[in-house]
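In order of appearance the chains are A, B and C, and numbering begins at 1 in each one.
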């Protein structure tokens, strides 16, 4: 145990770091290359040859169905080998700022697979869905308490869809007041790209306000940008720089003073559970990312879920149908029951399988567990920041919350090595790189978020790896320019991928339509 | 860093070569280097009229996308079709085969004069060096 | 200490390194007036207690009922391979593949998914997924608007009600027009009405959206609808059910520019509505209009074949307010489920699933006929149809008490249509048994008297 706590020796001389790599190395053919005519492991009975005779031939598929033919062992081997080419939380540390890559608890996987939950059809009569309806209602209550808001919708399938839901509700709110002059949404220059993209999708013009040198939203700039044309201001708190907005009260006062509403991007909730509640502070609406704060798995890009919490002003506009609790049990709102709703933002009720996992996570932690999550996340981030303070520039003096920004600008000037190269070299050390070049407001930056589920040993090993890499930047910069060396594939030709897109294998000619067995 | 002397330059790193009452534009070598490998150039159709400094197209590299701004006012009378298949011409020959749009100038005299919007080569060199 | 590793000694060590004596110091920058002091929620549960709570909730759901529900979400046998692969931590706990060198597993499976859906739809460009069929439909509608620079879209009323409603919500933002086309007695979209709407010179149409099968389960004249759309300069969007594509003509064959649909039938459990899988496929020349991620094949510096996210400059993190869509998180793991499902079944298996559904549905139709219940629409169907049952809502509720879910009362989706007041939308798949059908028909006869 003690040995692990000691600083690792610098790796500058040792280019062979193979054993550290946490990713396998067997590249795989694609399914069409593995396909052989006639390979087939039947899974359902074979119907009679006349099964489709009653379908008009003009509407039937003519010619065969060109899909790969494999038997089951080949399918399994193919995907298992592919899985081993992936880095994952279950294999290693992801210090990805803005993503909150915490451990995904296994009991959540078990819960989501319970047949009673997994096999329920979304249009089941309310009487048949009482278990799920109760779970959803209860989850809403937890999120209401965490946000300090009045009501929640669980419909949005992702944070970005939650943002769209929130902004559309704000739009409906102003329209209901007869105020059609509000055509702008203000976002800070450090905002996540989804914020301005959402504003555009909702038909608003985005106005960007700059941050101060201390990494806070510039209050004067915000006041200057606010006016009768402002529908909403979208803020992330803590900011995408991992800093709590110290002037949050004044910011929100300014927003409301101009008659606009305040949206909080809740991506960084992991820093403030039980420490700051957006509702009482003055936010009108916010979204959560369950795949960040509440541990639902990232799945290689999704699915997530983006529940939205609202205060009184926006409650009438929540998507329809809501889950209601009555004496007899739980039910969904009926058609026409709340005409002020903005309507549906998706089919059925929400990404319930994801929400079950979030529900299990919340119940497992409870009041103290959730506060401990934020405390440990913030402690770990500040600790890691202190370990790296001598190696990278830390642009902001303020204490960090759950993530921090570091810059390698001086390293670039000194050695020509960019943050991209440092990131790629981390792969050889067995780590997934942190977020790089975001937020856009800091030059040659990385955004590091350790989360609360990584041990001190892991944090130390990560810090030592970075220190070692920066030493390599001074002595062997080419090693970094060419990194990674030990991964299954190395730096990719992304220019050709974009100039001559190859987005699918060549069309396969069809298999015989009826299995000749 | 190439900054040809027979061209005018905008603060957004476009260049303009005036040929009588027509002009040709593209982006500078500095811009092409900053953007990286160009993968796509989105240009409007011929016949489109542009105001000076108006955003009229997009230049995409692997990691970024930047707007293109009109160096001068005029009607587009030709676009460089070669860029559709070979966007890398912008990287390889930004002042020659990487040209983008030919304009019939609305006001040839104004286009010929130097201003904050249309700089002479020395002013542009200073801008680039200031970084 | 739920899942975190920090002992008091660990915390002490970190605090000492920071030179502070308590964690509170790290939250001191939160202004006092907005500082919270804990959460008013129940205490945490150990795993055993938590599991009991979840089992209790799961037991309250009536998944034992014999069900004929379809309406966009379908019961299928999911081969055991799918969950085995989805349970691999390397897949489900992996992040978005922004670092391609260590994400080839995710990237290659997405490329394979794109290729499989391209084969099924007969189109070329497949996005790496949208949230669900509804979001995919809304995104496709927005694509037609961007591509044609017109602001009106026509959608058949026989497209899934939730897809239409979601598109309408998305259209609010852009002040766009979404108009519904009527249907005929046979259950198909009124193409005469379509032609008339397309002919209005004051309101040019960007896109026409029709389902195949449609929301009544009926098969439409897609080629004719596509021709009409194109003649008026509009794009044609097909809303398809992916398993049916094993036996039905694919969108690429009948002139669709874009195909969308709900991918849930491809190996994704019902889960009361999600997470599901928004399918979106388009013609090759629409590639730059397609929202969402795309994975492409390329080579690495040593010449190895590899996969990478490409055409990224269209996405929100780069284009920001000019991005075509705000989509960031997608449904990658659900796309993986679909890939494993299709790979496991192969063309023969997928064909069998679709054909068996057709057989069972015909069996159901015949069994209902024998008890005096017949179809409302005369058009051809694959595995779903609307049956006429007087006093449908009451009959439906009574049947639930007897252990059956008699599909979906279509009055729920079309409350103002008297022709559908007595309609129950019924579906059969390969998991529907002869016994299910016989008992259901018998119960229906008793309840309808």
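What we mean here is this: contacts are C-beta pairs under 8 Å (C-beta built on N, C-alpha and C of every residue); 3 or more make two chains touch, one makes a residue touch a chain.
Keep in mind the model is a prediction, meaning the values are calculated, not measured.
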Centrality ranking, top chain (CA atoms only): A
Taking each chain's C-alpha mean as its centre, the one farthest from subunit A: B
Rounded Å distance between subunit A and subunit C, as computed from the means of their C-alpha atoms: 20
Approximate Å spacing (C-alpha centroids) for the pair subunit A, subunit B: 38
Centre distance in Å when subunit B and subunit C are each reduced to the mean of their C-alpha atoms: 44
Set of subunit B residues in contact with two or more other chains: 39-40, 60, 62
Touching two or more other chains - residue numbers and ranges from subunit A: 494, 498
Numbers and ranges of subunit C residues touching at least 2 other chains: 311-313, 318-319, 322
Subunit A-facing residues of subunit B, complex: 36-37, 39-40, 60, 62, 87-88
Complex contact set, residues of subunit A against subunit B: 494-495, 498-499
Footprint of subunit C on subunit B - complex, ascending: 39-40, 42, 58, 60-65
Contact set on subunit C toward subunit B in their complex: 288, 311-314, 318-319, 322
